[in-house]
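Shared chain: chain A. Partners: chain B in the first complex, chain C in the second.
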Partner chain A sequence: MIKYILKRILQIIPVLIGVSAIVFLMLSFSPGEPARLALGMNAKPEQIEAFNRENGLDQPVAIQYVNYMKGLVTGDLGTSYTTKQRVSSMIAIRLPATCILAFGSLILTYLVAIPLGILLAVKQNTWFDDLYRVAALIASSIPAFWLGLLLMLLFSVKLGLLPSNGFDTPMHWILPLLCSCFGTWAGSSRYIRAMVLDTIRQDYVRTARAKGTPERQVLFRHAFKNALLPLITSIGFSIGNFFGGSIVIEQVFGINGMGRMMLNALREKDIPTVMAGVIITAIMIALGNLIADLLYGVVDPRIRAVYSSGGPKKVKKKEAAAA
Partner chain B sequence: MKKLVSLALATAMTMSLLAACGGDSGSKATPDPSVPNQQGGSNAITVVLQTVGNNMDPCFANAITTTTITDHIYDCLVNCGLDFSLQPGVITSWEQPDELTYKLTVGDGFVFQNGDPLDAGDVVFSLERLEDIPQAADLYARLASVSAEGSVVTVVLKEADNGFLRELAEIPAMSKDYCEEVGDAYANAPMGTGPYQMSEYIPGEKAVLTAWADYPGGKASIDTITFKAIEEASAAYIALESGDADFSDVDAPDYSRAQSNDKLTFTQVDSAYTAFVSMNTQAAPFDNANVRKAMAYAFNTEGYLSVKGDNYIAIDSMFPMVSEYHYTPDNAITYDLDMAKELLAVEGYNENNPLTFTISGYSSNDVVMQAYQADLKSIGVQVDLVTQEFGVFLDNMASMNFQMLTGGWGDTTGNPLTAAECYWSGSFGAQNISFYENAMCDELYNTAKASNDPAKVMDACHQIQEIAWEDVPMFPTFGRSDGYAYNKDLTGVVIYPSGIVSFREAKLG
Partner chain C sequence: MSEKRDPTQEIVRRQKRSLWSDAWLRMRRSHTAVIGMILFLLILVVCFSAPLYSNYETQVINSDLSMVRKFPIEGHLLGTDELGRDLLLRIIWGGRTSITIALAATVISSVLGIIFGAIPAYYGGATDSIIMRTLDVFMAIPSMLLMITLVNIMKPTTFNLIMAMSISGVPSIARIVRGQMLSVMRNEYVEAVRGMGASGFRIVVKHVLPNAISPLISQIVSSVAGEITMISTLSYIGLGVQQPAPEWGSMLAAGQQFIRDQPYLTIFPGLAIVITIISLTLMGDGLRDALDPRMKR
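On to the complex of A and B.
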């Protein structure tokens, strides 16, 4: 198992190199001069030249990339062109808020969506199911940006229950998390409903019922457990979505997170900051997928057995033919 | 059931862990033990700004929001009043023995927040450090020498420049010893002679200022000011309505709501902001004055106000509308599509040979430019609107890689030469973004710059504005009257036309 995990972690490295190379090239060849943005429109050519020299921007792009990667390997994410601060310290300030927002949204989404999805499957084709279908359509159509403002008006201005902005205390987290989860609740619960309905029609479920197994056990032990595999895949991808998709929530609620940092860095063509943000997001997505893969093993003993033997192996052509 | 309880516990633990991650993540400026109430108290206010800069060195930051924060920490060398009148700052008096020399007397009783007294050497340092700051190096480049003797700083300019004193209103007095001691860390731990000290600073998120107990002018009334960044205008206003903030600027759509809220004071302040349309005079088709004039005739400034918003005002001068130099010449062009069509026809543009060009901007969904595009289309002119990232926009502008562009800028010092530079060939790519060359304008600019006679300066500025409407390298479009709302209990707030807001004299209750 450990061998498999290590193997998967090592596989993340070429992914990161690929992602970083593509993003670095895109940033380097996109129009706009970092020096002009950092120094302002009154900057003299010699000042721009000095800025480029100081930040290694006078080197060919390939050398710039190699230098950046050399720094990255030693844990140096570089210095921001605009803020003159270490990128690592900028991220240290912002990463906690984004992690709370991303993982909090993930937990809250599935904490609500799973029981709701099962309930919808049980109540299939009832008025509750129909009503929820309409509600889900409306909920997933509301832009997070607008919903955020509505939530603020209701909970902060009208009811005076919750702070309207910031992310200092758990009370501050409630509205951004609600806003972040609202649309995904609708989609995820419908997805879980469909998966449970799919398994509920399987022979083994019919057999369990025929044997007189109580309905709750049929639902949770037989139907839901078998519906978990595609759900885990969906959760794995959601980690990346929540992590990368926090920009709007951060903008509306004035949260100083990674999304806002990345957006500002992109506007200012601050390459070290953008690169660090992209690499961290890529790591999160890769880890999310790794966790999902490992959870397959927890849920399905057949997959666990494959992991225990060091992970899935390629079947040789000869062996396959013999089989 | 056991599994459900385990799941609930696991969730609770995860949330607690996340909570632990979230706490106290900011980079705190070194707190001063002599400062009381560093965590804020009942006599504290929260001010919403669109951004909280990532660098608290005001010369580097070059942004109104950062200056609003740092103006409480520093005293500037001189000050600008609400009407842009020049007022004493750290330099309490000045004289000009000859056209190149200024004798600046540094006032008594200014003390840095670390207890060191401010002296003339600090003022010299504050000017000399500008050499290494691109955003301010232009001012330093004008100085031939700076020296101090006793409490008098002598500045010798390379050439006569009557705007020099005004430019000092942007220069904070800094401690030479402190800056040399902390080096680059200065950007995160500013220290000046003002009434407030920085007690907490999270770049991009918030800056907390605490009233300095030993401020020679007496401790400020408000104990703690928290400047907080909320970029989205409606969210900023909601923070104000919900009581999470005490002061915010307000966007035009929220004006009526703010006006009818009995817990808020709403005010509008005429701003030094000037929006404009500029044309590249060095390349076709706008190297032709008639074509440029036609473009000005086709711009329906008054008509576009209905789509622009309640806080915009039609203007006809590149000199800020709050400046005494703002002037409407008789030849100022007003909307006349027929005249525009006629001028284009004279230059050979018609249905068979339509004028085609691109307008560059950095603001997405610019409704005014869309309306302008429709107006131009009605006289057979085909226009493409291109929205660029600000960096790309600046790059293209500096390298003359544009045909027509739209933008806007503010003014913090009221120096008439800044606006006059829009038509001065010595300011290509900086203020003169239409790369316009006119020997008469250059001569008038030099006259205005060198003269100490206010009437002569005024006359030169008026003449420049007349030529500007004759040749139309760029044309002004809108000024702005900015809206602000704040807690009714808050008094003594001073809002400058530049957009800088001061809470130095503010009181609660």
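On to the complex of A and C.
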């Protein structure tokens, strides 16, 4: 099991190298000089030269990348071109807000969507199911940033109940979290409904019923546990979406998080700051996928057996061939 | 020889026609899909006939400071915006931009996605590994972040926006195409065609892709909706369509400042986005059901 986890963590490394290389190249070859953007339009040529030398920008891009990666391995994320602060300390200030937003959204999404999905499956083809279908269609069509504005309009401007700007207290968290979860609630609950309905038709569920198992137990022990499996797979993917989505949500609610930091850094071509943001996001997604894989083992004894018998690599190959 | 060939061709042709006409029949039977389709066509007609009933320069771009933020007001159904321009006309012209960009980006990313999904599926081996691992790396970056990076490193022209949105849409489509193709290619008829000496290109384009593509079509229609959300989001954070050109997202960003006193400026452009997306989603869902062979009666 531990061997498997280690192996998975090692597999993250090539992805990180790929992501960092692509983003670094895109940034390096894009138009606009970082020195001009950092020092302003009136900067003298000597100043620009000094800036480039100081930040290693006078060297070929390949060497710049290698230098950056060398720093990264030793835990040095570099210094921001514009704020002159250590990128690591900039991130330390901003990461908590983004993590609360992203992981909070993830937890809140499933906390609401799972019971709702089961309820919808139980109430299949009733008025509740039909009404929800319409509601979900509308909910998933609303762009997150517009929903943010509407929530702000209702709860902050009209009712004066919740603050619309910042992220200092849990009261500030409510609107951004609602905004970030709203669309996924609709999609995930419909998805869970479909999964539960799918498993409920399986033979083993009929067998369980035939044995006289109470309906509640059939639903939760037999049907839901199996319906959960495809849902877990989507956790890693969802984390990525929430991290990406937080860029917009932070912008709407004026939250001083990583997303806004990256957005500003991108505008100013502040390469070290953008790179750090991208790499941390990629690590979060990779960890999310790893957690999803491990949860798989917790829920499904068949997969647990594969882990303990030397890792699922062989199975994966077979699966890949079958897919 | 010709007598023998004709009946088989007849059968092949009839089957082909029946798949699409069946799908069309089933789609027509679904009320929601028809509503979605009519709604979207209506939006298209209203938006793209705009030059016939309005003047872009004088009514949509030029400001009129005597008419700033008035709602309700005669002659302007949805009032005027922060620079005194007719809000409804700006929404309509904004729709032209959003829908054009979304459609173009969807078409380009679908074509590229089909190419980059078909190549690894057909050749397998090292080609497969290299292309799929590269796409994996792109997929490891959240699409919003990838898009913002791409848009930021290029100038925000319409063409660059379309390119950026197309690129970030490619990996997911390529993955679906590859998966579909791999399962279709295992069929015996592909082996038969190969045995008859068809070239690789012909096998893929004529025999494998048409069978692999139908699950993709509803995905593509729904992704137009996703692209519309994306372009308005980009414009909202200031990276998409630039002022003074109208676009739903940038109109919302401009209206946000006046949310306290003139909330209609943030409500109407948003409603336009939602209605367009709902129409596309209804259409996509209808198509998915219509093209699903399991739904065939």
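Please note the rule applied: the second predicted complex is superposed on the first by the 312 of 323 C-alpha atoms of A that agree within 3 Å, B and C clash if a C-alpha of one lies under 4 Å from a C-alpha of the other, contacts with A are read in each partner's own complex, and residues count from 1 in each chain.
What we mean here is this: a contact is a pair of C-beta atoms (placed from the backbone, for glycine too) under 8 Å apart; a residue touches a chain by one contact, two chains touch by 3 or more.
Model, not experiment: these values are computed from the prediction.
Partners chain B and chain C, once the complexes are superposed on chain A, run into each other and clash. Touch criterion not met for A:R190: it reaches neither chain B nor chain C. In the superposed pair of complexes, A:H222 makes contact with neither chain B nor chain C. In the overlay built on the shared chain, the residue A:L150 is in contact with chain C alone; chain B does not reach it. In the superposition on chain A, A:V15 makes contact with chain C only, while chain B stays out of contact range.
Of the two partner chains placed by the overlay, only chain C lies in contact with A:A282; chain B stays clear of it.
By the touch criterion defined above, A:R267 lies against chain B and chain C together after alignment on the C-alpha atoms of chain A.
By the touch criterion defined above, A:M26 lies against chain C but remains apart from chain B after alignment on the C-alpha atoms of chain A. Aligning on the C-alpha atoms of chain A brings chain C into conflict with chain B at a single listed stretch, 60-68, out of 24-32, 42-50, 60-68 or 222-230. When the two complexes are superposed on chain A, the residues of chain A that touch both chain B and chain C are 31, 145, 149, 152-153, 157, 251, 266-267.
Taken in their complex, chain A has these residues touching chain C: 14-15, 18-19, 22-23, 26-27, 29-31, 137-138, 140-146, 149-150, 152-153, 157, 240-241, 243-245, 247-248, 251, 262-263, 266-267, 274, 278, 281-282, 285-286, 323.
Across the interface of their complex, chain B is touched by residues 31-34, 36-37, 39-44, 47, 51, 80, 82-85, 89-90, 92-94, 96-97, 99-100, 103-104, 107, 111, 145, 148-149, 152-153, 156-157, 160, 163-168, 170, 173, 251-254, 256, 260-261, 264, 266-269 of chain A. By the touch criterion given at the top, residues 133-134, 136-138, 140-145, 148-150, 152-155, 179, 182-183, 225, 229, 232-233, 236-237, 249, 252, 256, 259-260, 263, 266-267, 270, 273-274, 277-278, 281-282 of chain C touch chain A in their complex.
The touching residues of chain B, when paired with chain A in their complex, are 11, 14-15, 18-19, 21-22, 25-27, 54-55, 60, 62, 134-135, 137-138, 184, 187-188, 202-206, 228-232, 234-236, 238-239, 241-244, 388-392, 394-398, 429-430.
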